Amino acid sequence: MEARAGGLVLALNLVGTAVFALSGGLAGVRRGMDLFGVLVLALVTAAAGGGVRDVLIGAIPPAFVAGWHALALALAAGLFAFRFPDLLERVKAPELLLDAAGLGVFAATGTEKALAFGVSPLMAAILGMVTGIGGGMVRDVLTGRPPEVLYADIYAVAALAGAVLVAGGHQFGIRAAMTLRPGAAL
Amino acid sequence: MEARAGGLVLALNLVGTAVFALSGGLAGVRRGMDLFGVLVLALVTAAAGGGVRDVLIGAIPPAFVAGWHALALALAAGLFAFRFPDLLERVKAPELLLDAAGLGVFAATGTEKALAFGVSPLMAAILGMVTGIGGGMVRDVLTGRPPEVLYADIYAVAALAGAVLVAGGHQFGIRAAMTLRPGAAL
Amino acid sequence: MEARAGGLVLALNLVGTAVFALSGGLAGVRRGMDLFGVLVLALVTAAAGGGVRDVLIGAIPPAFVAGWHALALALAAGLFAFRFPDLLERVKAPELLLDAAGLGVFAATGTEKALAFGVSPLMAAILGMVTGIGGGMVRDVLTGRPPEVLYADIYAVAALAGAVLVAGGHQFGIRAAMTLRPGAAL
């Protein structure tokens, strides 16, 4: 049961990493960046939110630096966005959808991790939000756009979904937190 | 005497938090953000400077994460800016004035805290400056403006005022530092 | 031998600090900033990359805060850029060249330091890259430009040069790492 909860958080984190890296990579391709720039943008978009959260709760080095799964996945997703941007473009408003999905997922797992590090529930929710919106904001700043997350309504819905996920999991949340603590490098 | 010095720093920090949150929230309202965006901008503007300082001196988790006073105050100020922007607009150049006030206050308290963590005086002054200008710079970047603090003259005056405050308090500064250390979560 | 390796890294770090501070200061002068803004920009450009790396590997306080050499050098370079921008402008495309030089140097020393803190080689190379490109990206964002490093080809060459430098030094890299560990405040 506990292992399943930990595995779920891990899986959700990888999903969030992949969609944010795709979103960042696609933004780079659209701005005419070369492969180097696209990979950097994919990496930063995927890592910024969780990185800030980890530093703020004292989980240093952050999960992105301590492990290699997320790094490899983000680079692969960036490469995919560089080679096959057309596939991504076929989705209507792909960045918006990717962001919303990533935001909801990261908001949930970010809140979980902050709780596992003993942060109070309200602040944990705020840090979950930081995890969810941080990457997209950095991506938008680096590509010279106003951060969409501060304007678009869909994000409020996604954030709410993330919060509901965590709230729904709050019953067994204390168990999940205990599961996470030894695997804090998540 | 010592308790009074600690209380003064705490009060100044709350003043700085409130004015920066008002300034960030107002900037969000002006750009047509919804409530979510306005609250995020209020929070980031109030927390960024002190957050960077705390991470750099090793005060992790930062005061903003460890306590809840500043968080609650920033959210309340953001809400106020969202509901009553006209009240703020009546002040001439409100953002500039709020920034200058917040900068002076945060520069002073930021220097104090850095000194309390054993940072050398010159670097403590630099970190005080970071505390003072960080929030406004992030706010300007997120709203797509050149960071006003790097151009406007009033800031130099405010920064100087903050430095003078700290320098003036340097005589009893060692005492203040000792007062702060146990209450490092400030 | 070991001392020489440590001294080389130190010297390269100071070179990188100087060129990034010049680049940041020059960018500030071109945008019409006053002395305060120019110094801030010089400092941020020189410190951001290494600061992020140090926080991510847990080297807190970062080298920039713990020591004073880099700080003094960055301020001096910023002052130089403020007083003698014409000297810098005589160089063709000075910012690009300064950035490329700084990137190559910082990528090499950043990789070294991350290795010395026990980070895996691939992630160390990524963090070296962060060290190299972080400062220039922050400078570009603060002056309202798209981050040149994500577009310009010369950077790929410079980054490659940095990587080759580190790879070439990998044979005696383990020794260099041991040299660095006691002097981790570098």
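Just so it is clear, A, B and C label the chains in written order, and each chain counts residues from 1 on its own.
Assume contacts are C-beta pairs under 8 Å (C-beta built on N, C-alpha and C of every residue); 3 or more make two chains touch, one makes a residue touch a chain.
Note that this is a predicted model, so its numbers are computed, not measured.
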Exercise for review: Take each protein chain as a node, join two nodes whenever their chains touch, and name the resulting shape: line, ring, star, complete or other.
Suggested key: complete
Review point. Fitting the CA atoms of chain A to chain C, what rotation angle results, rounded to the nearest 5 degrees?
Key: 120
Study note, to complete from the structure: Expressed in whole Å, how far the mean CA point of chain B lies from that of chain C is 28
Exercise for review: Find every residue in chain A that makes contact with two or more other chains and list them.
Suggested key: 55, 60, 141
Check your understanding: Hey, which residues of chain A end up touching chain B in the complex?
Key -> 55-58, 60, 119-120, 122-123, 126-127, 129, 133, 137, 141, 146-147, 149-151, 153, 155-156, 159
**Study point:** chain A-facing residues of chain B, complex
**Key:** 28, 31-34, 36-37, 40-41, 43, 51, 55, 60-62, 65, 68, 71, 141-144
